[in-house]
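Chain IDs A, B and C follow the sequence of writing; residue 1 opens each chain.
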Amino acid sequence: MRDMVEHMEGINRLMARYGVKFGIYKNREFHEQLFPFDPLPRVIPAEEFEYLEKGLAQRVDALNCFLADIYGEKKIVKDGVIPEDFIFLSKGYLPQCEGMIPPKRIYSHISGIDLVQAKDGTWYILEDNLRIPSGASYPMIARELTRQASPRTFMRNHVLDNRNYAGMLKEVMDYVNTGGINVVLTPGRYNAAFFEHSYLAERSGAILAMPQDLYVENNRLFYRQYQGRQLQVGTVYRRLSDEYLDPLCFEPESLIGVPGIMDVYRSGNVALVNAPGNGVADDKGIYYFVPHMVKYYLGEEAILRNAPTYLAFYEQDRRFILEHLERLVVKDVSEAGGYGVVFGRDLTKEKLADLKEIIIREPRRFIAQEVIDFIDLDIVEGDGGVPRKADLRAFVLSGGRTRVWPSGLTRFSRNPDSFVVNSSQGGGFKDTWVLSR
Amino acid sequence: MKRLRFCYEMRLTFDQEVWEHHFLIRCLPMENGQQHKESMSVKIEPADFVNEVTDGFGNGGYAGSVRKPHGSLSVMAEGIVRVEQSGSTDGFHPMYRFPSAYTMPDEGIRQFFGEICKELGKSCETCKDSREKSGKVQGAHETARKGCEISREELVYMMNRLYGRFVYAPGTTTVKTTAAQALAAGQGVCQDYAHVFISLCRLAGVPARYAAGVMLGEGASHAWVELWQDGRWLGLDPTNNRPVDETYIKLTHGRDFGDGTIDRGRFLGFAGQSQKVRVSVEEIL
Amino acid sequence: MGIISIEKADHLFWLGRYTERVFTTLQMFFRYFDQMLDMDDTAYIGFCEKLAIPVIYENKDDFISRYLFSPEDPNSIYSNMMRAFDNAVILRDELSSDTLSYIQMALDCIEHAKVHANALVYDLQPVKDDLFAFWGCLDDNVEDEEGRNIIKCGKYLERLDLYMRLDFPYPYIEKEWNKFLNRMHKIRIGYQVTEVDRLTGVLQLGEGWRARKQEALNALWNIF
């Protein structure tokens, strides 16, 4: 590990050379900045990964069953396992997707599951991202570059190669393909994750497409070639959010998007990765019910735990939340990206009282969780290491079977007092090593 | 039962040529237990292709595109429809219990709802909660679970009250006006009547959906409300303060106006557009 | 790959033009810069006039700093490099990350030199090196001939334009014209035959072409 630190300058130079960046909007202007990389990896022993792998695949399988159920029969609601409110009031529930059956019946092909490890070693799920989880490209290229800059490190350690992510992605795209080429659909150059879109396209051999490159004709989707030849598209790995995907189906004023693409999808003539409407399965409210889904659909106990969560919607939980607010973290279910998160311990008496009032008035809007004292990981600062909070985004790919990428994006907070690791809020990233033995 | 001759004409005119024009037109009578198309023909010009499509709400339509520059688009649909008096039983969905973008209740709507409850002597928990609780996400949650005993007569009473409170005034609202805004202004068109009424019904725990269509006579398209009562959809037309009968032909439905838009499109070009719609429905005796 | 959309074809073409513009104008800048060291303080005015860019610069120092580095000056080397980058960055899947990295490094070099340079020619030399490497990498890494030809079409068209404006000797111009024609026939973008014929006619005059310079330039601009 020490030689990784010694080679840090070389690594950073390579990162700059390959433009490993993400975009942010500051004062409405688009800026790209290097995604701060810390060379000390998170290391996951083989045995531990085996456990995570089982738990994550189980969770994602259950979530896929749930999505198929919600946009189909809705048995889980009829059986009273999940209250209707958490489905039909969710922003992520899209009635436009009712009755659609995606190719090979897969809804969440690429799932980004965020976990943390508590000081006692227990892993907890923090949240599921089933829409367009980003981040896999960063550890992929970081590995490529650290192997160049610090080759001996990799001779000595037994680290599973993670650069096969693009291959796994291609396998999924090929598996659901309805006949035609694979494209990665990016909203454009000024998207925060544009680097990732273009990098994944390159590495998976897919075509990077902008919305205007695609068009619908006679219920099929085509890529507009400059010589005028028609080229059918079979899979769209779209990095465009649902509401902008098709102005004829969703947000009518969207200028991006491919008009008519949803009709092609409904006809089964193209695969959309991930399926539109997945948001119903990954908001903070539905999170509470995921272990119930595992039981309901798979008849198994959930292997991986949720952080202990209370739902203000249920009277008993609400009473508990109001009594223990000081020690809990409260999350607004309609927010994402690290926003709408409040720690009870940081609030003054008045603020606590205000929050209680809002919770009583709008119980559906909040969940509360026990604060998990998760382990710190060292990051390099100056000549030494300093401990910082970090989480892990694991990538689970569902194609012919459900596989967990043997790596992941480890994000850390650069601020010593903060638990918020999101890159949009100044966090950095580490590579994640899964050991082969 | 009535047999109706149906004719829908729409013409979009652009003041400059546009291109890459994609459209979705849903101008055909729906096929369900209440309505049956005996014959129907549709012409859309110009168009490179036209495909028949269906959406998640069960609305049918025609999707197509015109890639070459053009100055107008015209749609002509006509045929004969048989309409029954009884309500249809198709497409019940729990989403119709919950507030939607256009029908989110605000304090004004809750207050109005409270007045009506009081007049009806309703004091059940559901209505009380709906009146007192507010907030963005909450809204209908208690009602959705408990439901509320409210009779058909009481729903008609609610429609009467809305009719008395609201003034029909074309041009005072837009396609973006919400139920809350419309009630606050106290005026609007059929779309606004329908939105406010839907909002009230959902507060009462009655699943309600927005219906767009046409009615006997000549003019523009119309909108009304369908309520789920005793296993079937009951149509009420708050704009005219009357129940929907076999002189109405439904084209689309959804949670609110946004879901059932009769025509949608996107084109490239810097043109201004104007739309002319002419609908005529006459009874065949 | 051989799968190129209309948009991508456009970006490939302009990528060729902007990389060439940066390369050749930087090279010429060095020549004028040398003159301005101790011979002619106003040499830059002639440079601007030849390129038909407005002389917005107050003096030679102002010219040196703004023409090289100003993001606000649309004619600056930096602005052109930025445009090359903008076109390249959306072509990653076509070009490969390795090829693209040279454009990134050329851009980073200019940004670095803006703050740290003390010996301009020396400090900016890597920009030329990176562009050479980019073109070489392109030939080596990009399998698709069509894409390469489109870039080269843009590149030689731009080069011709600059050589003609900057009064390069006739043999240079003739050579670039032939290189351009060779590529132009290989891509499937429509071109104006009459303009090609007109320019061919003018260039057949040898050194005498200069008498009809404006006509030649117009023809060149109207080919696509």
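Throughout what follows, a contact is a pair of C-beta atoms (placed from the backbone, for glycine too) under 8 Å apart; a residue touches a chain by one contact, two chains touch by 3 or more.
Not measured: the values here are computed from a predicted model.
Relative to chain B, the chain whose mean Cα position lies farthest away is C. With centres taken as mean C-alpha coordinates, the chain found closest to the middle of all protein C-alpha atoms is A. Of all chain pairs in this entry, the one linked by the most C-beta contacts is A-B. Rounded to whole angstrom, the centroid-to-centroid distance between chain A and chain C, based on C-alpha atoms, equals 42 Å.
Centre-to-centre separation of chain B and chain C, using mean CA positions: 59 Å. Spacing of chain A relative to chain B, judged by their CA centroids, is 37 angstrom. Within chain B, not a single residue touches two or more of the remaining chains. The residues of chain B lying in touch with chain A in their complex are 22-24, 48-49, 51, 53-57, 63, 65, 93-95, 97-99, 133-141, 144-145, 254-255, 259, 261, 264-266. Those residues of chain C lying in contact with chain A across their complex are 1, 3-9, 86, 89-90, 92-94, 96-97, 100-101, 104-105, 108, 188-189.
Contact residues on chain A toward chain C in their complex (touch as defined above): 16-19, 141, 181, 184, 188-189, 194, 198-199, 201-202, 206-210, 212-213, 223-227, 231. Touching chain B in their complex are the following residues of chain A: 74, 77, 83-85, 87-89, 93-100, 215-219, 247-249, 252, 255, 259-260, 263, 266, 313, 333-334, 361-365.
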